[in-house]
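Down below are the structures I want you to see.
You will see chain A twice below: alongside chain B first, and alongside chain C after that.
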Partner chain A sequence: MNQPRPGYQQIPASVLGMAASRRNVLRGGLLTGALLGSSTFLAACGGDSGGGDASGAVKFGMNEASGAGPAFDRLAQMAEAYAKKSGVKVDRNEVDHNTFQENINTYLQGNPDDVFTWFAGFRMNEFAEKGLISDVSDVWPIDGMADSFKTAATASDGKQYFVPKDYYPWAVFYKKSVFEKFGYVPPTDLAELMTLTKKMQGDDITPFAFADKDGWPAMGTFDILNMRINGFDFHMSLMAGDEEWDSAEVKQVFETWASLLPVHQADPLGRTWQEAATSMSKGECGMYLLGTFVVDAIPDDEDDLDFFTFPELDSSIGATALDAPIDGFCLSVAGKNQAGGKEMLKYLGTAEAADAGNKGTTPFIAANSNATTSGYSALQTKSAEVVGAAENIAQFLDRDTRADFATTVIIPSIQKFLDDPSDIDGVTKSIQEQKESIFV
Partner chain B sequence: MAAPSAKTKPPLGTAAKSRNRRLPPRDRAVVIAMVAVPTLFVVVLVWVPAILSMVLSFGAWNGIGDLDQITWIGTKNYEDIVQIYPPFWPAIQHNLIWLLFLFLGPTLLGMLLAVILDRNMRGGRFYQTAFYMPVVLSLALVGFIWQLFYSRDQGLINQVFNSEVDWYGDSSVNLWAVLVATAWRHTGYVMLIYLAGLKGVDSSLREAAAMDGASERQTFFRVVFPVMRPINMIVLVIVVIESLRAFDLVWVVNRGTNGLELIGALVAQNVVGEASRYGFGSALAVIMMLISTVFIAIYLRIVFKEERR
Partner chain C sequence: MSATATAPDRLRAGGKPPRRAEGGALSRPRGTIATVIMAVLALVWLFPLIWAVLNSFRSYAYTQQNGYLSFGGWTLDNYRTVWQDSGLGKYFLNSLIITVPAVILTLFLSSLVAFVLARFSYRFNLTLLAVFLAANLMPPQALLIPVYRMFRSIPLPLFMSESGTVLGSYWGLIAINVAFQMGFCTFVLSNYMKTLPHEIYEQAQLDGASVWRQYWQLTMPLVRPALAALGTLEVTWIYNEFFWATVLLGGQGDKFPITSALNNLRGQFFVDYNLLSAGSVLVALPVLVVFFVLQKQFVAGLTLGSTKG
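Right, the complex of A and B next:
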């Protein structure tokens, strides 16, 4: 269910306010449409070339539907560019973002498209282990793709199953004008952060905007605190289910979080991230820890926005890790045109494909370092630098661990903690009990 | 009852048999088809899925791979639900609150509105339409409309009253906030049903009551209300069903977490979407089915008692 995730970045701001409810209303219809659509394609296009012939039509499953704004345009343009270049017909299957994600299990076991949009890391690994996506290690190495991306595309068997397209970091955003006006400086460690928050409170500004009505945004705070307090390796093995959730380490994360809650906006559980972003835009809040998609909620402030990575909390651990979810493409095992799909994947990883996607729209931050960056906004250029400089990159809590665990255990537990921050022992114990039941 | 020959009360079986024997083959085929086809539908669409859910509830399966991937874990899902799944007990409690509230709030209010509107007051049509309007909206849309009132920072209520109540986020008030939104829709529904019922009450009954010197209140409670017994049964059933299947509204608000847990939402959280805990979700669904069964049993008892009379 972890659907309304950072992928929201690609939805135009005008739609965002209404997105949640409208999407739910439309979901049923869209899903039916999508399923019907894909099976008719199958019957009609005759591209079932049994995997040997790379020249047959390739079916391309997109997690964006027409009308979703730049996110859709970019995928569509990449597909068109490939069709034009290779002469291969590309059949697009356009599905609403959340619908696509919610139905991914059924989709991959039914009549999936050959190439489809997906996420790097644990969620890709799950499908690789279950034999739902194809090994594409012969597409690698990709010219211009850094090693960190290759790692993110590698499953537990050491082979690659993924081709990265773009990424975006989670960081602490603020308005330059506000920081200038009051003479604030981005903090680099806990002491500086506390001084800054005290100063802000003195100026009648709530230091951190904060929202968790949808359940997922606060995961970003947990991630960064855990990575700062216990380090990247502990974080990743906690996500993988190899650590105890009621351990002293995890409790320390929640304790630190509880101590920081007074400098966060009160009552986060009734607020959407768009509303939290708006409070920062209005100057009621000084900073907001979120993905770069924060811009979508407050587009008018884009030129005034800047960010810094979350400061270090423990000098022996530093501040070298961050969440930067990577989106990209996989090849489904059940896809009929394996060879053709692989050819298309090879193209989608190139700088040329990234440039084709970014042509004429708000660009994404291309995973391929050879891609043209001239169209990038200042925020994007900085994002690329920050992620490039990071030593370790996590994908975000609900992409780094089991989907069922993140949705049915972590979301309610974090919300319970935010509702009553005093019962850390109870919350961590409950998470651990459920974790033991889910990670068998 | 048909059987015109029945002077006294013959045993049911013989009556049916004698009637059957009299039917020509063609009619018999029709009768058999009319019984068999709906039965088939009920079995295929209701009983088979229900039984499969029960079977699934004893396993762990993420929906990937064939059925042989299911690990059978006995009653572990049920034990986990009751013992270590924090949202479960609140959900049960919320469903019951939902039921009680729908009875005491919107149902009684809807009845009152119907009685008032039934008196052909001026502008009655207008009020009738106004109250009924929300019913045509889907609950998902209702949730969204009320979000505009309830939003903590930008919502109408907090703006107007200069308050800072976190209507949808504070787990001690959000259930009531959602219930008010439900009531907004449910009242009109109940009102319309009662309005139709009141129109159907024979006016000579009222006249007779008036002749006998009954006050207006007495007329309603002693004469009109008892006559509307079928309508009352329908409303009763609707309220029970609505509160057991309550789901859409909380799903739109926050997907049934943080104070808005309902069994239906928990089933969806576990089964719909990426989570895919089919066994666990099925176990929740079975529990929901058992609770529904209790109410259905009570209802059927009342109905049968009625028929026997």
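Right, the complex of A and C next:
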């Protein structure tokens, strides 16, 4: 029964907040947003149905919980910066990454927060098509946001449903000290790669660190091989379910992978990616294909790490595509404060928000190109260059296709393949059969 | 280590192993073999626990560099980090808010049902008991979607639930825990109540005791050992419940009980297993405390049931 009291007390504060935000908004020439905002506010005040906040506060669903390190700090700092700038109260809902992702369906259909963290591309499009996230195309164009990000934020109906925050590339990491010591050079094509791996084996170094105990790391290898062998367009339509998994193209990917397995660490199914990263750190392995978060496992080696994009395997396709998952924000349809949420989204896309979040030691890179880069580490700077130079960007297998397909079909299938690389026909046939029942 | 290995094992088996070892039913060599087998089983059963406790005192950097089979890198930092960075205290409180009412409600409601089932003969007694038992065997996952949708469409006033529906409130979570635990409790309590001599109820009726009085002042004190035993079990089960808490709280991180919040110690990519072990040890502590506080009644409840008749 004491709920109405604080709500009542908050009204003056929120009116102040509204006035403050209206000033900013007027400066931006976006009066409509504020009008909408005040009307929702009044409706929420008068009606007994809505529930939630009558104060104009924005609920912010974060897919990181405190204790998760820099990724959490970044989101918290951005939310704080927005609250400070606009005077709007931001209610943070902190849920750990995996729980958040696993519960996203029940979350969005239940009582979701207004603004929540999510992934660009296919996984965003799914919710846009189901009508669970709001059209935010009036937030676009965002100053400093490149066209490739706009494409990644656009759903199948041609409208934007997403505001990018940051991204990180997948590439082949190595230790500069090891490469210098043995005189290795980053390869640019298959022949050079094979020469390099032979050399490494001669020096008693396993060329590639490799782990797939968690199920998802090997997806990165599949992605890059498919993009190098069959090209970006084929990869994307395969992910969308428009190609056959038992086709000659996919079989060729697995065959190439099987031929490369001898230069990878053996028995990957019993190893976590952190252990694989450690074996590279110790110099037992020469290279490791992973995202920039590899630094998390071996923080002491950060200054010694460098990377190159996976070399081309087919000269007619080149090496212009790579995985660079984009994280960002969506506005939930069921959120109670649509206008307030949109205002916050508008802010989250700016360079200012990126700078507010970039005080941590994270290896991730801001999506907004106007963001300050002076505080970037060498790895961050190079990541930005490499992704900027890429012609096509994929989001990673479990983000480019249906979540149920990725986790229930692809993970066990790839693990089965790694366990017994000889049965490619069986693995691809089984994926195809399951794909037909999932993509209806 | 052998002392810790045998104590819970003996308790778990309800006090039977010591009797067998001393009772002479087994000849000496067979007794020795049985002891060895039990020791080995206890060790196998305890190994993951001991392993987790050991590693919770080691630093991630050390185990990552030297592997988990090494020895060294001792530190208390994991516990410090768990307690400070992830604010576990808040989640322990959430668990308390869910567990205490749920256990009390479960025991109260199921003792009511059990009393009626044990003391009165209605036509549907057996059917009712069977229904309770059948519901107990039902996998909760099968009910996920119906329960979720039902909770989403039941409105609650705002002072009871911020979200305005049962979904996302503790009410729903407590209700679902009570519903799922009542079957087992009813079954155990009604069987226990059936062992109480019928004569005392006749006596009570002669003295003019109402049905409520027969239940509250006669039956309840007599079934206290069973209630204590069930209380211990229910606290453990409801406290450890993970599935419904994760789904039915509507993804509100600050409402999660400790079991769901343990995931907070995992990052998106990076998992510090030593830190996770420290968290798990802390989460397991309350259950141990409850067990040791109530163990006397727990064992008493088991033996009381078994020697009757």
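In this text, the second predicted complex is superposed on the first by the 380 of 440 C-alpha atoms of A that agree within 3 Å, B and C clash if a C-alpha of one lies under 4 Å from a C-alpha of the other, contacts with A are read in each partner's own complex, and residues count from 1 in each chain.
By definition in this document, contacts are C-beta pairs under 8 Å (C-beta built on N, C-alpha and C of every residue); 3 or more make two chains touch, one makes a residue touch a chain.
Small disclaimer: the values here were computed from a predicted structure and weren't measured.
In the model built by aligning both structures on chain A, chain B clashes with chain C. By the document's definition of touching, both partners, chain B and chain C, reach A:Glu275.
Legend: residue contacts after superposition of the two complexes on their common chain; A:Thr256 is shown touching neither chain B nor chain C. Applying the stated contact rule after C-alpha superposition, one finds that A:Ala297 touches chain C and leaves chain B untouched. After overlaying the two complexes on the shared chain, residue contacts for A:Lys213 are found with chain B alone; chain C is out of touch. Once the two complexes are overlaid on the shared chain, A:Ser430 sits against chain B while remaining clear of chain C. Residue contacts after overlaying the shared chain place A:Asn93 against chain C, while chain B stays out of touching range. Of the two partner chains, neither chain B nor chain C is touched by A:Ser137. Contacts of A:Ala65 after superposition on the shared chain: chain C is touched, whereas chain B is not.
Shared-chain residue A:Thr106: touches chain B and chain C both. Across the options 42-50, 96-104 or 150-158, chain C meets chain B in a clash only at 42-50, per the superposition defined above. The interface of chain A with chain B overlaps its interface with chain C at residues 1-3, 102-103, 106, 109, 275, 278. Only residues 1-4, 49-52, 61-69, 71, 93-100, 102-103, 106-107, 109-112, 272-275, 278, 282, 291, 293, 296-297 of chain A touch chain C when the two sit together in their complex. Those residues of chain A that touch chain B in the shared complex are 1-3, 18, 20-22, 24-25, 101-106, 109, 130, 132, 213-215, 267-271, 275, 278-279, 403-404, 407-408, 411-413, 415-416, 419, 430, 433-434, 437-438, 440. By the touch criterion stated above, chain B contacts chain A in their complex at residues 60, 62-65, 71, 76, 80, 84-87, 138, 140-141, 143-144, 147, 150-154, 164, 166-171, 174, 251-252, 254-255, 257-259, 268-270, 272-277, 280. The part of chain C that touches chain A in the complex is made up of residues 64-65, 81-82, 85-87, 148, 152, 158-159, 161-165, 167-168, 246-247, 250-254, 256, 260-261, 263-271.
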